[in-house]
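Labels for the chains are A, B, C, D, E and F, by order of writing; each one numbers its residues from 1.
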């Protein structure tokens, strides 16, 4: 079998110890990558021509629960960058894909990997750009208030405010100590996967339609990677009801944007993400 | 040999009769597609996994010279749409790539092909989106005043004004009756290809650097497809001088954006490009 | 009687064969111009000091029904430009007014007529500028989904997105083969003209008020010229209810904007719409 | 002779006592209106079909020199509004034209005159809208630093920042006590009128070209009405040099915009400029 | 007791004669400043370290009722500027605070006081900047339609449109001759102060929540100073209901922004508000 | 002596081990706070009424040199947040001031400290808001290419792109292993402090003037805190030359913005920086 032109490393945003009582990506040494990658079935066909590895990510340092607020994202970012650097230095990959919707460490990784000539993609940035190609305005389906406002920061940082119709919050949370709301969203996923009615699906469809009718959205994407499983459910429901909108999730978008950068032989601009001592310098930076 | 997952049709923006004294794409029945596709060497590797055909485009109706001004673009667009429709109806392609920098007929083709579930990409739109993924602001190297202002319209239409640092005009023209400036730009290409000094390359490099230093550009792209040949020359020169900017041309960008839409199974949004009688309708459209 | 200082040619967006079963402008050789011009009564007083002719437009090439989607607009544009050129060359007119709300061929006509020193106006562009003088944000009353999204493109192209509160779709269609919705909107017009209750008027008033209350509109205009007849009905109803908003339609706005360009002796800027070989060139174009 | 449909009152921004040693509009009782109206020759043809009067404006209260800074503009505005009200109440006019580039009292006058159903136009607002119809971006030729920054405020207030390429300051001042720069700009006008070389014309042409080449301007307009005399000189020079840009001044623009509002039977929107107790109210105002 | 580093003069927007039957600031010679300053209890602690005087403002010239529409604001502005100038010349103050939500004369005062090196602050501008530090978008609670649209002008002038979620009109008016709605809003204040239910508080809370839920507001501020008394009531209600938004009023914001300018030794930029004959001049002004 | 109402903790962005050969903030146990705080003399008067402590910051984990690129900023942020949390929990402070121009950890700190009702300010955000109060557009004087582009991200994140004229890079670097440019910028500071000519001052003045003349700046601020020492030198030079622009540095701005939040009793909005389980939630977030 011929070698793939794509050699990708997925890096999880973080991992929890195996004995964590909370849902989220576990360390899980030895688990096959296909089982590790969230919603693998949704992107399997996109990986058919890719040689890929998966790094379980750095163990969380702030506790044994899933990243949700800005502080937790910061620690996750700091934990992930050394893995990115190691991957660049290994010479084994021609692109890196950062898992996780809130893309902890993405801007730092763009700066770092560009120096090695290796593109890096991430789920928020990739979805926003993919969606922008397809329509006028995208809506983001997300959950957890603190996460939605962190995602708001990402939309601003990526200069996508005039392409973003709204972020719609479907009102769930990640499980976390001291809160009783813990497992509900995971339960919704299980129900949907089992073909049972799922309140989370209902809310996501409802907010997607609100975003279309009230906010001007014409493409639907997702915020937290914990919600990417909703993609086929929401897509089917919207299409069945006659709303002809593309529905995007983050892993597929990130894979595709990595592929085209590898194909085309480019990475982020060295003027946007310069090296420590670039050969040339514009004296002024404008907006 | 296995069948490719990509079945693309390139459609030339227009063609000139073989006896036209002016430079531009000729009808040239029987010429192999690899010879027809402008600057094939630059995108050859991107087509390695694609089954592709090439349609020579509609014969120009306004005269026997190359499209340059808005009226000529309009006639070219009107000539191309029936070819797009025929291609959709043929069932032979899963994506259509419109040749030509000024993308005549692109908006109409998006509306049309979406109804068949077939994505269509074009050189201006694709470059702008590709460039936006890589940096903060792109500059467009173009020539012919009337073409640069037509391209200005495209940047506005694609809502890329805050991503576009500037359009830089290097001061050549397409050959046309009654003007003596006729063949000069084609001559520049020949010189550059032959390894000789080329004034067009010098000007393009100079304007790219001006765009970086004065206008805030950090990615370089091209306007008219007649200038795409400059890509490797400008890229090498900028990189040699220490300007670490991605340099994009249109055919490669359009091929790549077609691939990811095919992979992901999406086209333009049906809310942005609705059918004549869509099943669902938002009552208000906002910006 | 003294000669008017205004010598205008109206050019219909297109015409249908007289035997077309669909509503829309018919070829109608020999019909007096006052009967041809849609809603002549609404603009009669604006034409009192104008010498005007009316060209029936080019026969549609795509079929015998009214322009509605982007492809049909493209063909209408291509059909109209030769008429514009002929009018310029005739030396008989000092301004050209393009009929039709979606203004097929307007950008091309601006480029073309400027070379003759002749201004051209059109119904979308004129209404947007007229409305901008009078208030902060205009709303557009329109119908036919595909037309509203085409009109969305016009708002973007004319860089009026921050002046446009919304486009409000009142949910009718042009008559077209294979669709049963055919004649309903024309019937609404007849009812309104006869002083009977008209669902179309109700919807237009209702959406105008929604645009005022929800979207921030303070001026009302119309999209498709097929809806211009609504102007006096909507205006009266809004004023009667106490909403003191200007209500604009396209023909009057286009006549007025043509007059002031003739008076002032100007046309579109030659830098925005340059000739094929302008004497002077700015090296960079910014946004 | 038939009565004109236009009955306009021009109101000077202010007047100086006849014995003021400073240049500027003098009270000058009994002077014919044609001599009073600045640069009457430039707009004479636009007034041919207008019945017009001219009000000399209120005597300045802050001193006997021309309005230049924001405080002086404020006092001029307060002086002018009662004249506007009196004109409305007189029933003699169907439009009011506010003289003066910096348009003191314009926003207040729009609010006031709308209640009488009378449109009011002014030189900054009218030029900006007229210019926007013709091109992508206008540049403003102005003088006196404090005036240019006051004009900056007007551009912002009229929401024209993305249509304004730049304000270009040609470096003169109005004459004022305690400053020796007094009469120079008036002298430049006399020289130009006499066919002699004028430094002011040179600077205006030079800054217009800078605005075109560096700032993206494609239409030229003027700030202070004291500079409107430059219009034909700048226009001729730019056209002679091959720059095909419209050149606009304020009086003509204000006359034309008044005409079309009278023709069309509209004034400013009552939602933008409501009455003290409007019949209907939107609960929210958005931007 | 040591001398304060802050020597502030408050200047009322205007005053009414003591015998005016309408509510609003009365001339009231001899009334202690603490009784004069609206809602003194709300800002008392901010003035503890300030030496402050209060000027009753200029007597209204247009009538004996409170400023509400643009004309009235203009006359109030013209009345206030001489007081500002006198205060600057007195040498007694190191900052001036303009009372009144609609800030009549603020731009003129910035120009004027800067020449004396004295900062001036005002209630709209200060609230908008204070709010911008704390959140993404502020909503403005206001009343009186004509005032809300005047306030709209202020938001535009201060270039805060993308920070302003909306202006929400709670539907009261100032008392004025010939209108029966006279005293109602003042009555609402008395009720609220007495601990009784107040419809005005209800409406303000309701519109604040609408602004949060529908318009994206995350900070609440007020328009007319006549509504500043609502601050503690709205704040308490929102916080009690779980809406964790800062609620700002104008006097406190203006005091604080004056303090930091005094501390830091700065005023408005001399390039934004130049002197009549500045030493240095930029040749172009951009936006 | 009475207790101050301000109890502030300064937290250094990071510290280097005492034996680091590179310039930057050293751990320096026992060094008085007045010697630790960079350019204390510039802000001494602003701290006269403040009880303040200073935390030396977390020891860098990536090496013994100063933060310069995005990765280093990330690690610094992750090191600082626990110190912020500890300070909040200590109950000793009513505001926290983050040292360092690039404000590592600021967004996370806003989220964190708000939950304790404690405001936090930082040098970039504070300067941008302070500058926005004073003028139309600020320019940022900065150095080190990678730092300038990191600062570009901050300007975008704080939604200040339309207030920022430009970032001007004066071409120095922080000292770092393997680069010979090490100590030059520190040497410039020593020269300037000693009253000797300093190339860094010259470049900063020159770029400030370029920003004023070319980019439209009317307020000057600084990027990296390592450049804050330039403030009095640049200010004096600009004022001496007649450029009447406010010149701001970060520590003073951050102190002042902390004071007014303490005075007013507010912090960042809880809707912008929600808690993990807020009591109320807006279902949609818009931009």
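As a working rule, a contact is a pair of C-beta atoms (placed from the backbone, for glycine too) under 8 Å apart; a residue touches a chain by one contact, two chains touch by 3 or more.
The structure presented is a predicted model; accordingly, all values stated were derived computationally and were not measured.
Fewest steps needed to get from chain D to chain F, stepping only to touching chains, is 2.
The fewest steps needed to get from chain C to chain F, moving only between touching chains, is 3. Of all chains, the one whose CA centroid is most distant from that of chain C is F.
Rounded to whole angstrom, the centroid-to-centroid distance between chain B and chain C, based on C-alpha atoms, equals 31 Å. The distance from the centre of chain A to the centre of chain E, each centre being the mean of the chain's C-alpha atoms, comes to 45 Å. Shared interface positions of chain B, i.e. residues touching 2 or more other chains, are given as 136, 152, 159, 162, 215, 271-272, 274-275, 278, 282-287. Viewed as a network of touching protein chains, the structure reduces to one closed ring of chains, two contacts apiece. On the side of chain C, the complex with chain B involves touching residues 68-71, 73-75, 77-78, 81, 105, 107-108, 111-112, 145-146, 148-149, 152-153, 155-157, 159, 161-162, 164-169, 171, 173, 176, 179, 181, 207, 210-211, 214-215, 271-278, 281-287. Chain B meets chain A in the complex at residues 45-46, 125, 129-130, 132-136, 159, 162-163, 212-213, 215-219, 241-246, 248, 252-253, 256-257, 259-261, 263-264, 266-272, 274-275, 278-280, 282-287.
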